[in-house]
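Dropping a structure here in structure tokens format, bear with me for questions.
We just call them A, B and C in the order they show up, numbering each chain from 1.
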Amino acid sequence: MAIVPMTTRYAGSQTHIGGSAADDAASASLTPAIEFRDVYKSFGSLHVLRGINLAIAPGDVVAVCGPSGSGKSTLIRLINHLETVTRGEIFINGVPTATLRGRPLQQLRTEIGFVFQQFNLYAHLNAEDNVSLALRKVRGVSNEKARQRAAKLLDRVGLADKARQYPAELSGGQQQRVAIARALATDPKIVLFDEPTSALDPEMTGEVLHVMQGLAKSGITMMVVTHEMSFAREVADRVIFLDAGVILEQAAPADFFNAPVNPRVRRFLKQLLSPLSPG
Amino acid sequence: MIRPSVSLGITLVASLLASLSLIAAAPARADDLADIKAAGVLRVATFDSDPPFGAVDPISLDIVGYDVDFAKAIAAALGVKVAFVATNPANRIPLLQSARVDIIVADITITPERAQVIDFSIPYFLTGQQLLVPAASPDKLDAYANARIGAVKGTTGEQELTHRFPHVRVLAYDDIPLALASLRNGNVQAITQDSTILVGLLGLAPDKAKYKLLPELLSREEIGIGVRQGQPALLNIVNKTLLDMEKDGKARQIYDAWFGSGSRTPQPRQFKIVAD
Amino acid sequence: MGITFDFADVLTGPPARWLLSGFLTTVYVTIAGSVLASVVAVILMGLRISPGRIGHYAAAAFVEVFRDTPVLVQLLIWYFAVWGLLPESLRGFVAEDHPRAVWPVNVIVLAPEFLCAAWGLGLFISVFLEEELRAGLNAVPAGQREAAMAQGLSNWQTLRFVLLPQALTNAWQPLVGQYLNLMKTSSLATGIGLAELTSAARRIESYNAHALEAFAVGTVLYLGLGVAMGQLLLFAGPRRPGAKAADKPLAVAPMRKAGHAV
């Protein structure tokens, strides 16, 4: 997995770029799956993202972490237009997305899966229908084919026997796994995760993380906003640290966790790993 | 000083006893005529808000009307004064039966059901159901055999219509002005009510030129004076007075005063007061 | 001097015919009005939540007009004013005999009274249906819409397949109440000459003075109709999915932990 080299554009912070040189050379010419160019996002007078420059290669698994209010969720929500950029450009597979509306935007969204912190499963549909809805209505797939695909995906996340159950009858972990299956229904090459395990009881985080791990191995580009450092360490190819709307550090997990450059990152990690020690 | 609650209690008990005694005192009186003459006053049940039969004159604040004039004439013939008791259709007969009044002169139609409980004089007024139709509509009653006709709820209008025309469609409205609005709108092809009321209605309508009353009456209703049963003397003198009034033209005069061409409710006099 | 009841005079002969005809008229006008009300309510909903400003304001104005004026006045206006404005040919057509437009038992449906009553009642109740449905829609968690959008469903698809079904489930109880309201309000149509159940009871009262019996029977019939309608609609309506989760809210959405960034 390689990373396109980046330049430092803003004062007061540094970027730490990792990855092997050989990989760089091999894939320097690959179009990034996702690319942010100088992206700013504000809600009224509240500046949430400032000058984000980011490129993610196809197949990369990127973990995004940082303190609350850093703009992590906003970052990924911009990708499928759940929010819109205030300034700057986002490219998906080299195609600018800012001006997309209507049909083309719907098409784009079918190519990007999204998994929410609160699952957001369609409460009035059972698991199978949840997974197959977009297939049937947006892609126009026949009911039977859609059902088969849904069954396959539910099997993949380990819930084949829950196809007819309603979200209200499933545990949090099960719901999130159905949500992941749903996100995969239209066979997207990019899947975004917005704190997928933050709303789960600790016992259920494991089952979801396992599914995500399986996904990572399959070559899908993943961008995961998370606090689960174990996932970042073991599954991600790259970890991005966001603070106050600015990327402070980007590195491979080994470098990020063992030798972070940015003092702010160091503080964050210390807090995370031993929250009770004095500050 | 009697406490208010006690005096209220006494009043209530007194009224209760009084009304009970009224009910108990619905007796066959020996001779009403003698009693009236002895008392020097004829008590008459009449309407006070049903022009032109009985209504309150806005200036003098007396009750005036067709019925009132006839009642006054009868009192004069008996040589007594007259006292009016205002009533409504539901109360007329109970007032007479409980001897609160001596006669009913209140636009009361002679019907077999009523004749079982009170006695009627010879009729002194004739009315009936009429149809009000647009000016350009047919004149003959039979032309409306299958029509949609508006009537007023609670009147005998609905029943009379279906007796004559079994296939007619009756629409019942809350009051006659609404029925007229329906006619204007074209929702019905005619409306029906007592002829006097229709005349009054048309007289006040700003677009009266667009409508006409069909002269043929759907039903005949004779209006009589009500007296208690078993009072031949009183009944005879009432009937005699009515016949005399017809003979000397007084009846006609009263009619013209209230239904003549100069009145608010003009309609030609299609009857004479005659003996049974 | 007790009160005696004489139901025989109310339940036989012409009074019985009037009661039956009146009852069925109430049933038919309730059905017709309910269908119209539902259709108009859906259209109003569409306008209300559409992005267009004009549609939004038009729908809001419509709702205010029909919600803030007395329904009896509305019925009187439709029947005594608006009907007269329709073209003569249309009014003449309706006034003619149409043997096929007579529903059992002897209820003439193609008549100005019935049409204006169904129309007026339908429009009146439609705004209440729409408001209940909108409340139901607002109760659907925002995340449902986001999930649908994120999957590429259009606005209309989101509404149709994700939001409205849940809105309907949320609002079903109050919606049933509004349909019952329509049934009860239909008694006001006696003021525009519709020969429905209330007018039948009044007619009996003026026919043989059995006021107590006539209105008692009328009340029982209304009550029976209401109970039947309510049960039928509740049975036929959407249920909350997942029998075991009968007490849980519709969308299981754990609370956002405090402090998480947007």
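What we mean here is this: a contact is a pair of C-beta atoms (placed from the backbone, for glycine too) under 8 Å apart; a residue touches a chain by one contact, two chains touch by 3 or more.
Just so it is clear, the model here is predicted, and its values are computed rather than measured.
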Chain pair whose interface holds the most contacting C-beta pairs: A-C
Chain with minimal offset from the mean of all protein Cα atoms: C
Whole-Å gap between the CA centroids of chain A and chain C: 48
Chain centre separation in whole Å, for chain C relative to chain B (CA means): 44
Rounded Å distance, chain A centre to chain B centre (Cα mean): 91
Chain B-facing residues of chain C, complex: 79-81, 83-84, 88, 91, 95, 97, 108, 111-113, 190-193, 195, 199, 202-203, 205-207
Residue ranges of chain B touching chain C (in the complex, touch as defined): 146, 148, 150, 153-155, 158-159, 169, 171-174, 178, 181-182, 184-187, 189
Chain C residues touching chain A - in the complex, by the definition given at the top: 141, 143-144, 146-154, 157, 161-162, 165-166, 169, 238, 240-242, 244-245, 248, 250-254, 256-257, 259-262
Contact set on chain A toward chain C in their complex: 43, 48, 68-74, 80, 82, 102, 105-110, 112, 114, 116-126, 133-134, 137-138, 165-169, 172, 175, 182, 185-186, 195, 198-199
